[in-house]
């Protein structure tokens, strides 16, 4: 059985931008990253979809990578999203991540033209060789336009030794079990779909990749503790309270929603980058309500 | 009724790469572009999906844009694909295209996060203002992951005066008529789905955006002449001969297939850029057969 | 090349029900059928989706079949929809249709459990043998839940000599050409998607299967005459006028919409059968407007 | 909180047919039904999809209903599938089920024409009034072509007091929780997707509707006991063993697969009814292997 380099709550920071100039706001990024570690995140994962990496220039990308990893400073493992259209671009980012000490890298099959099986294998293979780090395949049909089924994921992993982790964001809970079984337990599976967080842990996911700790870290960590501790009733109760919030941030786009929430908490991270626009006023008002119910002091006391 | 700046056969060149270094091969690009004009294309459209623009660095993109437009040198109109993830990146490319004398620009709603209606309007609006050129919205659900229906396209165009053209690649023929009627004829519609080329002209498309002229320009132009000249039987016959080839290049990915065909014609344009790989041998053999049936001397004589 | 038993406008009557008892109203059916023939329909097709055959008992089904065929009395060809869940039920209906003198039968792959290729071939084969009539395969993914692509349709037809006609209701115009070519012209193709009526004729459909002649027969027949006569401008003009109406009856369900229209024309056919409910008032008002624009005297004069 | 009339393992018998005459084999049905009760099923559910009710005549349907309910004879609750195309047909079956003493009825929104919200409400409302029994809405987009989302299900249930149970066969685990919460716990949720059986119990499903007890009742009941008893490791182990079998019977169609399995166990139930054909030989051989691993004596000993 695999002993994966990441477990538990893998927290995804947004990338703050200056509200006036639109440039990356590195001090705000340092502050947010520090908060995620201080709150007890089990890992930090910059430059995912939440981090708006698709909208960054290479130079900005490098700065966000370096700043985040320097701030974490090895206190918890790190997972860096290095996806790019071209193989060369992905390899470049993987090397930058390795140079700055990333624990692992995450790669979406983010393709303009649909890739053949051979093309996928070569793409992942080249990136794996370039970085020599544990690699997570990130399946997210909603943003990549490609859905890699468990059979395809496991076939790919058999060809690439570094490919030891899979992040499933399709929301299909049966895939967590399927990937583990098809790979004879060699692949560790992570959940990337917030609304099925609890079902995923119960179906064998070793981690939850989520931006929710930017806003409500106590609740997310309590849910994880209840799920792995076998406190089923408490886990169910916590999820019931969290669900409206989790659905809201997913439905409204993670960068938009999390940035609006940080503003409400007086931890400004600026607007998302165009074409994304800030969350409209009425939706921000709804988010305020949802966050009000999830204040740290409202966390139900644990039975332990 | 609109009098669009582009009509007829809009030819999409691939972007040649050096087979050894992998760098953009500008002399080969000049040669291919010159061929497309000499063959009688009614317009040339660099940096579309076929041009692998998703895999180019900004610097490469600029060089391809400049080289293509300089080679065309105003002999026919040009349409430059300027899509980029971010609004800023799209604006930058639109300005480069304008500076080099593009007739028009084409913009795919190429989005990582699904855009709201307001975000789409602002994205297209900013690009339109930056370039001050006629703009074509390019709807291609297969590559962009977003399907803009005729109602949404027309609503967007009403807000943005420059947005006067739509390229429909969904393959749904009823949309050509729907877009023209919903816009009271203000929007010109172009077909981007090769297999429905003839149906599209008959349903009112004013142009066919296609990479096929890279390989069989005589046939493509003859089909267009028959379609607009009302020679229905000849048009049907030509399409019947062309269809297996058109389906092949679509099914195998345009850059892969067109580059393999150029090699077969001793007009090397190098391999596609990874993650894309060259067409496998057996598929190339099949393409050789298909091209053999479409030699210029096999074109059926016109009745006129 | 095939010489199919049906061509042109194939008119689909609704099945009238008594407004009080809910029973099949055979006199009203006779009247409507007579109107369709008198108006110039090239064929009449009872017991299709429009005829609510899914909601009839076997005894009612037999009565509708007999009454319609007796009323047509051989003046034009007839096509009877004999689909049923079970093979035995379909065979029974096919035999009833044959006994009453149907010209041809139509069979939807109307399946509860998805059928394998062998099961489909055996189902169609048994029905074909039972009736010994020309058979039309009816592909309508929207109601049957199964989409038979041109390759599958042609493969099936090769095994079953009677299967010589295909009705395509997917709305994908490229399929008309594909089916004819894949079958080397052996299969005749009919269009069952109202909004693409003109595109379908231009792409080689030999007939249009439609309920629209129940309400606006002059317009439908004029469109057909213009399309086959090569009067492209007139055909385009007629379709432009017809389209809002065609889209309305498709979007609101053919039995609901056609029955509401017959009421507006003082040719009552009763309500549809539950679970279907009559068209609501506001939608009926909209239909009244659409029909007002399509009065016979508003038909543009022909140039001939 | 609701106290539903059914809980635990709800077993779905196939409908046996005589191998020679093709007629319903009532003695075999009695025998199979008796086996299901004797094995410990918590409820028996005749005339579902598994029971091939779509292929039965009304007379056959009535006989299967009566025979099954008489055989169960009140030893466990019963749930009868009464779905029919028309409202009148569904009402008739609901009354037959009530007359023979059914505990509850199950209704699929099995519609030929897509129903409006009003039509759905009236259809379910009329059936509910006719039978005056607890009613289960059965959502199975794969066979009905309609997907009723949790919001729509709960809205419908608020209008119809008898509608107190929902069977979800979409396989989306998040819906179990969503339906319970949107209905404030008023709706009891049952799982109809075999591969997510364990996830469903963990997400709050009160029952598992399944044909698997026809072949491996000990395993199914042991899984349920482990799941509700909180023996997570044992439940995971049992599901791991069961999954290949559960996936097989779902992928090959329940009536085909279960009937082939009964034959292998020398409990013949005849072939499925055409258009369905018996499972082919090679697939039956595979099923033999899968069943071999699930013999009752292979059940892992319980820790208790």
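The letters A, B, C and D name the chains in turn, as written, and every chain counts its residues from 1.
Simple rule for what comes next: contacts are C-beta pairs under 8 Å (C-beta built on N, C-alpha and C of every residue); 3 or more make two chains touch, one makes a residue touch a chain.
Chains and their UniProt names: A, B, C, D = Dihydrodipicolinate synthase.
Note that the structure is predicted; figures quoted are calculated from it, not measured.
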item	value
Both-way neighbours, i.e. chains that touch subunit D (Dihydrodipicolinate synthase) and touch subunit A (Dihydrodipicolinate synthase)	none
Between subunit B (Dihydrodipicolinate synthase) and subunit A (Dihydrodipicolinate synthase), distance of the C-alpha-averaged centres to the nearest whole Å	36
Intercentroid distance (Cα basis), subunit C (Dihydrodipicolinate synthase) paired with subunit B (Dihydrodipicolinate synthase), Å	38
Distance from subunit C (Dihydrodipicolinate synthase) to subunit A (Dihydrodipicolinate synthase) - Cα centre to Cα centre, in angstrom	52
Interface hub residues of subunit B (Dihydrodipicolinate synthase), defined as touching at least two other chains	none
Pairwise touch network: line, ring, star, complete, or other	ring
Pairs of chains, among all present, that meet the touch criterion	A-B, A-D, B-C, C-D
In the complex with subunit D (Dihydrodipicolinate synthase), residue positions of subunit A (Dihydrodipicolinate synthase) that touch it	171-174, 177, 181, 195-196, 198-199, 202-204, 230, 232, 236, 239-240, 243
Residues of subunit D (Dihydrodipicolinate synthase) defined as touching subunit C (Dihydrodipicolinate synthase) within the complex	22, 49, 54-55, 85-89, 111-116, 118-120, 122-123, 126, 143, 145, 253-256, 273-277, 280
